[in-house]
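Shared chain: chain A. Partners: chain B in the first complex, chain C in the second.
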Partner chain A sequence: MPFNQKPQKFNAKINAVTIGSGDKTVTIGGENSFPFYTFDAPTENTAKIGVEISDLGLDEFSEGVKAYYEGATTMAEIAQKAAAIEGADFVALILDGGDPNGANKSIEELIEVVKEVAGAIDCPLVVEGCKNVEKDAELLPKVAEVLQGRNALLLSEKEENYKAIGAAAGLAYNQIVGAESAVDINLAKQLNVVTTQLGVDAKKIVMNIGSAAAGYGYEYVVSTMDRIKGAALGQSDNMLQMPIITPVSAETWAVKEATASEADMPEWGSADERGIDMEVMTAAADLAAGSDAVILRHPESVKTISKLIKALA
Partner chain B sequence: MTLFDRVFGGNDAVYGLTEGAIDGAIAQYGEDKAVSFPNTAYSLPCYYAVTGTKVTTLKELKEALGVVKTLMTREKRLNDAFMSGVATALCAEFIEVLKYIDGATPYEEPCYGHLADAVIRELGVPLVTGDIPGVAVILGAAPTTEEGVALVKSYQAQGILVTLVGGIIDQVAEAGMKTGANVRVIPLGKDVTAVIHVVSVALRAALIFGNVKPGDAGTLMKYTMDRVPAFVNAFKPLDDVIVACGAGAIALGFPVVTNETENIFRVPKSLIVQEDVSKFNATSLEARDIKIKITNIDIPVAFASAFEGEIIRRKDMQVEFDGSRVDCAELVQTCDASEIEDHKITVVGPEVDDMELGSKNSIAYVVKVAGKNMQADFEPVIERKFHNYINCIEGVYHTGQRDMQRIRISIEAFNAGFKIKHIGEVLYASVKNEFDAVVDKCEVVIYTDPAECTRIRHEVAIPTFDKRDERLDTLTDESVDVYYSCILCQAFSPSHVCVVTPERLGLCGAVSWLDAKATHQLDPNGPCQIITKERPIDENLGSYEDVDEAVQKFSQGALEHVTLYSIMQDPMTSCGCFECICGIEPFSNGVVIANREYAGMTPLGMTFPEMASMTGGGVQTPGFMGHGKHFISSKKFMKAEGGIERIVWMPKELKEFVAERLNKTAQELYGIENFTDMIGDETVAEDPETLVAFLTEKGHPALGMDPMM
Partner chain C sequence: MFKVTFAFEDGSKVEAFANAGDNLLEVARGANVAIDAPCSGNGACGKCRVQLKGGEVDSKKTLHISDEEFEKGWRLACMSKISADVEVLVPDIASAYKSRMKVADLSSKEEIAIFEKAKSQIEETGIQFRNSLEVVELQMAEPSLDDTMPDVERLTRALRKFMNLNRIRVPYAVLRKLPDVLRASKFSVKCVVRVTPNDMFVYDIFDSKEDVIMGGLAVDIGTTTVSAVIINMATGEILAKSSSGNGQIRYGADVINRIIETTKPGGIKKLQDAVIKETINPMIHEMCRSIHLPENQIYRMCVASNTTMNHLFAGINADYLRTEPYIPAFFKTNSMFASDVGIEINKDAHIIMAPNIGSYVGGDITAGALVSMIWNRPEFSLFIDLGTNGELVFGNSDFMMSCACSAGPAFEGGDISCGMRATDGAIEACTIDKETMEPTYKIVGEPGTKPVGLCGSGIIDVISELYMTGIINPKGKFVREGKRIRHDHYGMGSYVIAFEEEAGSSKNVEITEVDIDNFIRAKGAIFSAIRTMLSSLDFDVSMIDDVYVAGGIGSGINMQNAVNIGMFPDVPLEKFHYIGNSSLTGAYLMLYSTEAEKKTYDLAANMTYMELSTVPTYMDEFVGACFIPHTDASMFPNVHQR
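Let's look at the complex of A and B:
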């Protein structure tokens, strides 16, 4: 019996969201098929890769990452090198230093970093807060203000602070709102609903549905992404049709497979290699489950994932 | 003279002034002279927002005045008055913009005049988040400087943005009060036309934050009405011009509160006369429906969930209140808004200081609430939280509910200055914060006078409780119009959906139909959504097209059909939180129920965990079903298969827990007395043969029923 290919057709599609301004923009989403199901429908926009940099500089990064950035001393130089990585589509600046339980940098200090980075590169920019909901509620509106005209993606508004960040980024300063929830389809949807009720255009929202490193409760991430894409495409749920961005590096470089030193774990081999492996494995799984963009740290990971995306496109 | 005459008269006067001013400016500068406000991308923001036309020169301004004239219709209808009000406001904007010709700076410290777009973007965010809960526009001079300053300060303390126009500016300055955007008190200007600068803020907010298209006046006014929580306080004397401006404010949805009594016309919710200036604040907030978040509860001890589990022993106790010994009660009462003074806390009877160390006393607290969305059905839902609220007070302990509560106050809390009235503060703040979607106003009365407690308990509380119980008893699946979904557990059981009905509570036992209803009201986008029941398929099975559609939607397509009353055909799924599981027992044509606490074996040859492994995770396993304990005595319990008559075995502890209700249902449905005596338990049988022998001996009705499969 001959094989009859029957493409799975959906009447709905994921919103296409363009980040950045001027000549250099990236568009994520837009697909009406499951990830890499090119046999069902051609992929509208291939998945995109962002390179993570932090206001804390390079100190926390692995040796391999540091080696790549060698010679870069200012945030501007770091940002430029990040943007130059082969396969990188955008730069993701994480304002880790703002965390009140960490370096607790002032908002003014952090805004200076944002300005420096934004001034140094013209590629699309993603800015992540410090993850503390109160601090982010003050910080991210200021970031939105100084980035007027850049059409940047701000991560993240959460259930606790969606009003401040959603209103500032999505309404007052016309940026793109990153809506972050904790690996639960209903919470993801609810946040999109309340954000749009604020008046934010649904087409200016990107979701971060939560993430984990492979092996660390990761099945929840896969199942949530899977169900979100299923509901968005199969059930035409327009409150779940926002593209998904997943910050991978922040998770994978914090687990013991990546952090254990070679002195402690000689049998595990090179620490840098392990970190890259965790990052590549997790990112590949995220993309296969439904992420439209991932944020990575190591230049090697960026190169590898970029190759994967091109090969499967 | 009518209100129409005053509005039209004021409008005409302002129009005349505006025409004169524009003509004068044209004569002076020529009609090509540029006109604009500084630092805005919205031209003349009010005129632009209402008409969609940008005015750039005096010539265009003159043309715009012609457009304004068309709004000034003179029929004595409400709409004409509103439109004349809007026309008056636009004229004010024209007069104001003339002041800025040639880059002039007409306003000096402390007055702001026109506000830049950047200020609006900055203020807009806290307005959207509710950090600025409202915008007050104070117009004219207060009767005395003290009263004016007190009013401004009262708003400031609530985080409300205050804008000042006219005489109040001098009064505030005279008192040496700091003003400025950073302290949220913004003097605009001393001419009444300066009021347009705050209207300009509201309209630009609609354009920026509401994505309202300039020229779409209908949407614009709806936005300001729904989303810009502004109101006007106008001090007497009010001239026709101010009355006309007021009509404009009302057209945008901003109520006007005034102390003018001469020649004024009250319009409910819109034009309100309040002679007592000290009540302007409360009257305005109520009229504009502004709720102030309570961030700080004023009590001398800590209030946090960390203290919830704190136990106060007799030796550490200053006083106690004990409903099992003396008359006590706790009650929520829905009242009309006019009967309640918000945040009023009254103690009737002795305070803690007047009570003897270690004594047992009476207490009864009545929390009166009012709100547009309040329903009597929410009273017990709110009341049940009292336990949690009072327990969170450091050094105070609470158990029980209704008229059986028991409270202890520790010696330490007493020494820190804790009083009975502080219980009122805690109840007030907690109810207002947690139930802000339904409670607009709240007042607490605490009785410690024993005679009063007796009266409240027996004449007020118990009749209310009886009425509620009666309501619960009569609340049937047939008597309500809607059911509710609950998807609280989808985080770990992704395809499970509970359908909560009055006679079938959530399988966790924690979500009744009333709870689900309240949850929906409090959090409209939350886990409990309305399921209609308009298209029944089979009443006996409890299947509805509406229910099927809802479970399909909420399970993202994983479930297609669910029946409410059958365990054989499309039984309702379980997440895993079920209090009990019932499973089919083929030898007796019956079902066995096991509760989570039961550790032993059941006649099915399975323990509770083994049964749970077949039932949880959102899968439909015909013959097995998870449910709450209270569902066992429901008339709807597996009604499609014959109902509770099928129950043949339960653990003893569970049987005793449900006996009274179950026997009552069996009596009503089948006329069987003491039905639970016919039901086996682990002391009778843990295997099917012994069980069937027992059932035969008792003449259990299930044996004579049709096989279930």
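Let's look at the complex of A and C:
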């Protein structure tokens, strides 16, 4: 009997969300099949890769990453080099320095960094806050304001501060709202519901459903993404049809496999290699589970994942 | 040594002595001063507020006390250490749980009607309302020099002749009064006896001219509240009723905290005393006084309570209930007598207990299942007992399945800043105008009673109305602004139902985001348990034919609002039936009718117990249900915001 292929058809699809303005934009989502199931339906928009840079400069980055940015001293130069990485689709600026428990930079200082980066590159821009919900509630609306016209994606609006960030980014300044929840399908949906109830267009929301480094409770991430895609496509749940972006690097570069020095762990081999491996493994798994975009740090990781996407999509 | 004086709003005072560094709440407990501490003194609930009247305490400031209140001397008892002589005011609200509470205890007309209906339904199934207690009248020949039989022999012979039984037991208590009663009555007596097919137990003996009432005591021991009735065992008539807070509350609001408390030295005894000596015995005395019935004329007692409560009542180590694999000491016992546990009724009185079926589904549920009549219908019914633990039974005449979830004390007004039980001053129903956001409410008590707080049904109404009028979002956070909506300096929103001027207490009656959040968790626990249990049977909510709701939340519960907030499944309203305090009703039936008692044992043996904590999807269901009405709105097609 000949093999008779029956594609799995869904009547629903993931929203296509375009980030950026002018000639250089990227569109994520839009698919009506599971990730890389090209035998069911052609891939609408391939998964996209963002390159992480931080307002704290390069100090916290690994030797390999630093080596790539060699010579770049200003944030503008760093941003330009990031955008130039082979396979990069957008730049993700993290305003780590705003953390009240860390450098605690003022909002004005951070806004200057945002302006400098935005002025230096014309590729699509993602801006992440400092992860402190109170500070972000003040910071991200300001970011939304100065980036008017850029159609940037702002990460992250959370349950605690969705009103301030959702209203500023989604309503007042017409940016894309990144809705972050903690690895739980119901919490992800609940945040989307309340955000849309604010009046934010569901098609202007991208989800960050939470992430982890592979091996660090990562099964929950896979299961959550998988079920979100299943509900979005299979049950046409329009409160889960937002594309998913996953900041991978912030997780993977913080685990011991990436941070342990070669002096401490000689048998583990090159620290840089290990960091790349963690980043690549996690990102590949995220993409296979349903992420429409990932944020990475190391140029090698970006290159590798970009190849993977091209090969499979 | 310092002197600690507890002053009450009625002017009375209690004095105690304490060492420097002693915890004020512990000192209060030691002095038997009731201060509500649902969190068991962790500083988490903010209910144990007292006001300094003189002296000082070494007290940490907490989120529960505002700067202004701190200035005025308000402190949390659990966060205060003795450092000098001190006098504190214990406000009524802190001790209200003991004195002023009223639960579904058959005291209102509606509750009595519900009770009578349940009783007649049970009778219609053919269950005989008869028990083994009887009053028998005897006339004996008076002794003489020719007839020198001792008194007890005389009595047993007369009884044997009368009843034709081979074994008759006369306990010491009867023996002691026997000679005098016989002679005073000229050997014409009435005996209260328990008759089983071949043996008889003589509880008491009276002059035959006396009117003898055989009392029976049915008690529902809830985690939060205890209610009881004394009945006439011959007629089934309810002679007296009473309810009270469970004295164990000061050792924690939930069963787990209480079990932990029992693991401390002397803990088992302490918890047993709190429920028996401080709660049930005073209720017995109060009831007996009101009907002029001597305590020792209560010859049988039936207890319906959850598994932890009946372990603590019996003074049996409950710690193994708390830890895996969660094993109770007993499901069923018939070897307990009043004198064993110190219940102050006839010391030979038998204590029967509604049987447990699992570590967290206890006798209150089996008693309730009896009353719900699920077991007698072909239709699928869901029985929900809303208490500190929410328990569910689903099934019909062919099968029954049961599970329990931890809802916390929210339904009884606990865990809610202005929560209270359904007593005078409690707002029990509320509507809110969509445009003006002004509330209209109904208060328990005489007309003109001022609002003091919210009881369970009031909380359901307020949250439902806040949601339906778009004042809060489905997460329970405030999204509209107005004069009744306020935010504290941490940004936490609240809705004022009655301003201080309108309220009968020193502060606004308001509901905060934290309250709403606590309530959403409680309702989420209930709804997710319903969903999880039904889906384990491959049922969905549309297959439920009837829903029976029981519990202290009161007959005032508005089922539509309970559906609106996603606490109960979205099924037509006519399917909901409120059946009152089914645990107490069940205890009454078991006490009065031997057949009902047997039936309850049968039901328990045939009920399947499902342990929700071992179901992997329960947590998912729970998070999904912690949203108004539900994360999956398609489960509530008839709920639409106004």
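Heads up, the rule we're going with is that the second predicted complex is superposed on the first by the 313 of 313 C-alpha atoms of A that agree within 3 Å, B and C clash if a C-alpha of one lies under 4 Å from a C-alpha of the other, contacts with A are read in each partner's own complex, and residues count from 1 in each chain.
The rule is simple: a contact is a pair of C-beta atoms (placed from the backbone, for glycine too) under 8 Å apart; a residue touches a chain by one contact, two chains touch by 3 or more.
Computed from a prediction, not measured in an experiment: that's the story for all the values here.
Chemist: Please tell me, clash or fit, for chain B and chain C sharing chain A in the overlay.
Modeler: Aligned through their shared chain, the two binders clash on chain A.
Chemist: Which chain, chain B or chain C, is in touch with more residues of chain A?
Modeler: B
Chemist: Examine A:230 and indicate which partner it touches, taking first as chain B and second as chain C; both and neither are also allowed.
Modeler: First partner only.
Chemist: Report for A:186: first if it touches chain B alone, second if chain C alone, otherwise both or neither.
Modeler: Both partners.
Chemist: Could you say whether A:159 touches chain B, chain C, both of them, or neither, answering first, second, both or neither?
Modeler: second
Chemist: Check the residue A:141 against both partner chains and state whether it touches chain B (first), chain C (second), both, or neither.
Modeler: Only chain B; A:141 stays clear of chain C.
Chemist: Looking at A:171, would you say it contacts chain B, chain C, both, or neither? Reply first, second, both or neither.
Modeler: In the superposition, A:171 contacts chain B only.
Chemist: Tell me the contact category for A:199 with respect to chain B and chain C: first, second, both or neither.
Modeler: Once the two structures are laid over each other on A, A:199 reaches chain B alone.
Chemist: Which segment, 242-250, 350-358 or 692-700, is the chain B region that clashes with chain C in the superposed model?
Modeler: 350-358
Chemist: Shared contact residues on chain A for chain B and chain C?
Modeler: Looking at chain A, the two contact sets intersect at 163, 184-187, 190, 193-194, 197-198.
Chemist: How about chain A: which of its residues touch chain C in the complex?
Modeler: It is residues 159, 163, 184-187, 189-190, 193-194, 197-198 of chain A that touch chain C.
Chemist: Would you mind writing out the residues of chain B in touch with chain A in their complex?
Modeler: Those residues of chain B that touch chain A are 121, 124-126, 128-131, 208-211, 487, 490-491, 494, 525-527, 553, 556-557.
Chemist: Using the touch definition from the top, list the residues of chain A that touch chain B in their complex.
Modeler: It is residues 137, 141, 145, 163-164, 166-168, 171-173, 183-187, 190, 193-194, 197-199, 201, 223-224, 227, 230-231, 234-235 of chain A that touch chain B.
Chemist: Mind listing the chain C positions that touch chain A in their complex?
Modeler: For this pair, the touching residues of chain C are 473-475, 477, 479, 620, 623-624, 626-627, 631, 633.
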